[in-house]
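Note that the chains take the letters A, B, C and D in the order they are written out, and that residue 1 is the start of every chain.
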Amino acid sequence: MSHNSFGHLFRVTTWGESHGPALGCVVDGCPPGIRFTLAEIQAWLDKRKPGQSRFVTQRREDDLVKILSGVMFDEDGETMISTGTPISMMIENTDQRSKDYSEIAKRYRPGHADYTYDVKYGIRDYRGGGRSSARETAARVAAGGIARKVVPGLVVRGALVQIGKHRINRANWDWAEVNNNPFFAPDPAIVPVWEEYLDGIRKAGSSIGAVVEVVAEGVPAGIGAPIYGKLDQDIAANLMSINAVKGVEIGNGFAAAEISGEENADEMRIGPGGKPVFLSNNAGGILGGIATGHPVVARFAIKPTSSILTERRSIDSDGNEVDVRTKGRHDPCVGIRAVPIGEAMLACTIADHYLRDRGQTGRLK
Amino acid sequence: MSHNSFGHLFRVTTWGESHGPALGCVVDGCPPGIRFTLAEIQAWLDKRKPGQSRFVTQRREDDLVKILSGVMFDEDGETMISTGTPISMMIENTDQRSKDYSEIAKRYRPGHADYTYDVKYGIRDYRGGGRSSARETAARVAAGGIARKVVPGLVVRGALVQIGKHRINRANWDWAEVNNNPFFAPDPAIVPVWEEYLDGIRKAGSSIGAVVEVVAEGVPAGIGAPIYGKLDQDIAANLMSINAVKGVEIGNGFAAAEISGEENADEMRIGPGGKPVFLSNNAGGILGGIATGHPVVARFAIKPTSSILTERRSIDSDGNEVDVRTKGRHDPCVGIRAVPIGEAMLACTIADHYLRDRGQTGRLK
Amino acid sequence: MSHNSFGHLFRVTTWGESHGPALGCVVDGCPPGIRFTLAEIQAWLDKRKPGQSRFVTQRREDDLVKILSGVMFDEDGETMISTGTPISMMIENTDQRSKDYSEIAKRYRPGHADYTYDVKYGIRDYRGGGRSSARETAARVAAGGIARKVVPGLVVRGALVQIGKHRINRANWDWAEVNNNPFFAPDPAIVPVWEEYLDGIRKAGSSIGAVVEVVAEGVPAGIGAPIYGKLDQDIAANLMSINAVKGVEIGNGFAAAEISGEENADEMRIGPGGKPVFLSNNAGGILGGIATGHPVVARFAIKPTSSILTERRSIDSDGNEVDVRTKGRHDPCVGIRAVPIGEAMLACTIADHYLRDRGQTGRLK
Amino acid sequence: MSHNSFGHLFRVTTWGESHGPALGCVVDGCPPGIRFTLAEIQAWLDKRKPGQSRFVTQRREDDLVKILSGVMFDEDGETMISTGTPISMMIENTDQRSKDYSEIAKRYRPGHADYTYDVKYGIRDYRGGGRSSARETAARVAAGGIARKVVPGLVVRGALVQIGKHRINRANWDWAEVNNNPFFAPDPAIVPVWEEYLDGIRKAGSSIGAVVEVVAEGVPAGIGAPIYGKLDQDIAANLMSINAVKGVEIGNGFAAAEISGEENADEMRIGPGGKPVFLSNNAGGILGGIATGHPVVARFAIKPTSSILTERRSIDSDGNEVDVRTKGRHDPCVGIRAVPIGEAMLACTIADHYLRDRGQTGRLK
């Protein structure tokens, strides 16, 4: 019940500040016999790391993950096999320059958690945002790398579908395009539009919000649970726990408010092999909190970062009115790097529900 | 971790099926010394109960709540005082006619949880929807009645802000109007529009989605927690757990995706009495998962009920393709009755976080 | 995390006071498809109920259990089949005479929880002990009745092995004798000894402690978990939660402190059918927190009830020194009625670990 | 609910194997503003570490703890101040020689968890006992070092009170003696007896069980909770989770079974300053699961380690009958080093209940 863990059977506890010696996570509940390589986990972290294009922060963080427990090596000396004990992963902080933070130590940046941390705790690690830094999400992405392996056949992918008022054309959706541009955009036609738009934002020292869509295929029908153990409920919680997220929706989401029962309900038929199929997927793969077997689809809205060059009115911890301007390298659109984070949270949520349904130990099969 | 409870310190466990002898809840964690009357709790249930206008189901359910434990009576013989032990509340089912359910026992109603329950459990109480019936929410509303008393000065209110494509005009918002119309509409100008629109839906045997907004005032700054114990995360989870909800947003929510950092961040100043104030509330009262002290604002989208008179394609549990038409009395817009349910879930979430922050027992003061 | 539940996947929440309208429990997490009759559950309650011999309290409580949710009836109209939804059970209080409690409302009975409840909560339902009454254990016994059905082949039995300094002769152990005497004694030779001894205690208005042994056979090897999810750890917790229990031991327990590694370690051989067998069971069926497949054996010590006729020095809630003498019908040895309670707690613990290992839903098989 | 955490608000998650690169823990829920030095934490680890006398294992493990997160340094550059975020602690494994483990990789050592791990997980890190090694307890001791600081005025101490059949004389109890001998014995008269006895055990390559007593003073009256959140219940669980523990008792424990209600119930009087006092402490500081304010007293029995030089009958994972003899350096009496571990578990349990009662954040005062 303390506040740095999520999941029940696939349980992830993260720790670490932006400017401490390291950050990491403990993945408790990974079943035994799951096979993966360090390179596979690192690949997800690389997708999240900064400095990959001019549209994300220019900070240098290599984000190299180490695995400290919970695995044995296969005979190839490279493949790790989980043993069912906790998998501890650590990412050392290498770019924590000992610069002067005295200016922001007392000033509350508008839109940040500086003020609320101080109200709650009376003490706050202000260096680089401390615990509230988006660096914490590196640990989530590492945990997600394990989660993806837990459910046989699971594929979790994400894409950016909106920046500011500019939305993709869903008719153009092509998963193969997502890694061909710096935005994780599934619609190649939107790329030049976003490039030009974000260049403007970036040069103005401003920032802009975005919407991410994450999709899980291969989710076994029947996982999840009704009432308060709903799969969609846990997806909503886990996506909402990502920094800067202000809204979450499942399937057609808020659009469901605008349509009729006839339009909304997914009809069923018997498909090939006598398998039940839904003829549409407005439900986003979940009915009554339980997976239908169709893709699980969720979207989440990320607010624009408050780290902007324009001065904003604020106060400091001594009760003075001040004006705050956040200097330094920042993400003009934090939504871009939120794509792998959203994928990781969705993968962890599904792994957790899979284990609740199937049991936790080696005799899963 | 079983799936019929929510909350950690203010913990609610609900039980009961639509057509069993009764349903109810156990509220575990209510601090001692909380004072309330049965009439106060009943009033919230009355707000949710069916049959109050032509725009909701015409079923008759009196939904009279009994309190079986956890309280002592004050000397007036009417005011109950919580003792810190679990408060068990029960609502007997009085309208469970023993009719023939054989037709729907095997047919999966499209858009309902019939199919997924069967996949998961292999057995399902099909009478009146069983556990997945919206009747379960009566227990939530009763629990919410207790929760509202736990946090001194807390006021939780809700309103319907959208039916289909018809939205209220926020400039007209007047809380005093909410109880003056059958829709919990805060904008009197929308009432005739919705009346005409919903009459059409109802006569066609169709249904329509909606959006509800819930607001909590008097939330103490500092409650909540960062990372995975976020107040907004738990609000998202608990609202998403309501039947038919497909999306949740906090503060400006999905609209935050469309604006810049300058527009979005709520600036601060020192207000009257030297108290920090935010000059706007785009954050919906929560920063970094922790309450700012400003109103907590959330919205959720409810899909249209799938109980409609039009035949829809489906299958049955024997693998036959069938057409399903849901006869009987139903809610043309379940979003209306979702207002008190959303309020209850918000109140319970805030009470839970309040106790996490302040501790659980009598010496709270 | 509130304090009236135990178990994780087989989760039991109890509620109710000794002198309220009813008490009961919600069993959340019972898998679907479990079959039982009301008479089977009632039989366990009858074993615990008072008034069955002169050695237990002479109060009249019929303890009739009602099942309010979570089951459907089989075609025989009698067998209940669990549906996977919460099973709510209620026992109405029929003997709650509205007598004058003013004398004990303010006096702290030595050895009872009166003082600590008041320190913690500042309010206390003093009528008949309120929530701290042993009546609460009736709900545990009902839950245990369900738990016994969850694990195929599980048999849980208990016996009284010590009253005061009088211990059974383990060489005489015969399970068939347990229900042939008013003490649940497995050794017929001890019965006359205990009868004479307890008659003396009873006539003196005194009380005496006891030790209960509970044994579970048919526990599948492999359930449980290492480190902090140990089967023995949860057994210890759940037995210690029974009123008046002051010690718990597993297998040879405290006697293990006195012997050598050679004597203590259970050797192994390949048994009939190639099945691994242990040649002794000092471990009490658990190694490293995980079941070996041999019987799980636990014992617990129950202190003598503090409800005695001799005056004892105490204080009242106004800070006065007083002398307290507890009048009325009481159990000279509460350990006797603790036998079915211990069985129930052991059964619930094993059911919980079984589901953690195997998963929670219908497709367990 | 995964199995490597304990506590609810003061929540400790441990990770790591005996022969991996490191082991450690995450302490989640430490309130902000708690001050301590690394040296203070290290001192507890030093008390547990091997090689300190001829009566414990001769392995070399320095067990140097690093703190990776959750603290800021005070101006002295040495005192750490908790910030309310997770405190991650790591102990690198320095003595993990890459020796040949092939012999024990398949053989189940009698009395160890080798067999049950294999049954449960189908894979097991056999190197040095892997996760089931007592090295895991180093992380508990580190966490206990933090816990001791959380409750103002709390003093937790432990002592060895029995080795084999040789018990201390309680009349000689002197806490000052505990650190003057290699056994943590509070009775100097027992020291030569134990020395001679254990020398014999050690030279024979045998082992022997023991009993540890742990005592917490300064536990505020009112912490704990009734029914299933009992302080004694959690103490029992947490002590039982220590490797090799087979029994736990609170206060007079199993001895309570042998005495009358008159002898057992602790009488009360008004003490100095009008403060309620108990005239004895048979209850071990806990009534109805709630602390009385008197010292909390618990004892636990540790079985003799199964690592002995005598051959014992066993089987291997291929189903062959084998004889196993555990070579190498071992503890003749693991109970000795269990003293600081028991202290740590008691301190963590009390810190957890303290926070449940008082709330988790900075405004505790």
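One rule holds for everything that comes next: contacts are C-beta pairs under 8 Å (C-beta built on N, C-alpha and C of every residue); 3 or more make two chains touch, one makes a residue touch a chain.
None of the values given here were measured: they were computed from a predicted structure.
Summarising the inter-chain layout, the chain whose CA centre lies farthest from the centre of chain D is B. The pair with more inter-chain C-beta contacts, choosing from A-B and A-D, is A-B. Mean C-alpha positions place chain A and chain B at a centre distance of 27 Å. Averaging C-alpha coordinates per chain places the centre of chain B 45 Å away from that of chain D.
Chain geometry summary: the mean Cα position of chain A and that of chain D are 38 Å apart. Of all residues in chain A, those that touch two or more other chains are 1-5, 8-9, 14, 85, 120, 131, 222, 226, 356-357, 360-361, 363.
For chain A in complex with chain D, the residues that touch the partner chain are 1-5, 7-11, 13-17, 20-24, 26, 28-29, 32-33, 66, 68-70, 72, 81, 83-88, 90, 120-125, 130-131, 360-363. Of all residues in chain A, only 1, 9, 85, 222, 226, 355-361, 363 touch chain C in the complex they form. Residue ranges on chain C touching chain D, taken from their complex, read 1-6, 8-9, 14, 108, 110-113, 115-117, 119-120, 131-132, 136, 162-165, 201, 206-211, 221-230, 232-234, 236-241, 243, 246-270, 274, 276, 279, 282-284, 286-293, 301-308, 310, 312-315, 319-321, 335, 356-357.
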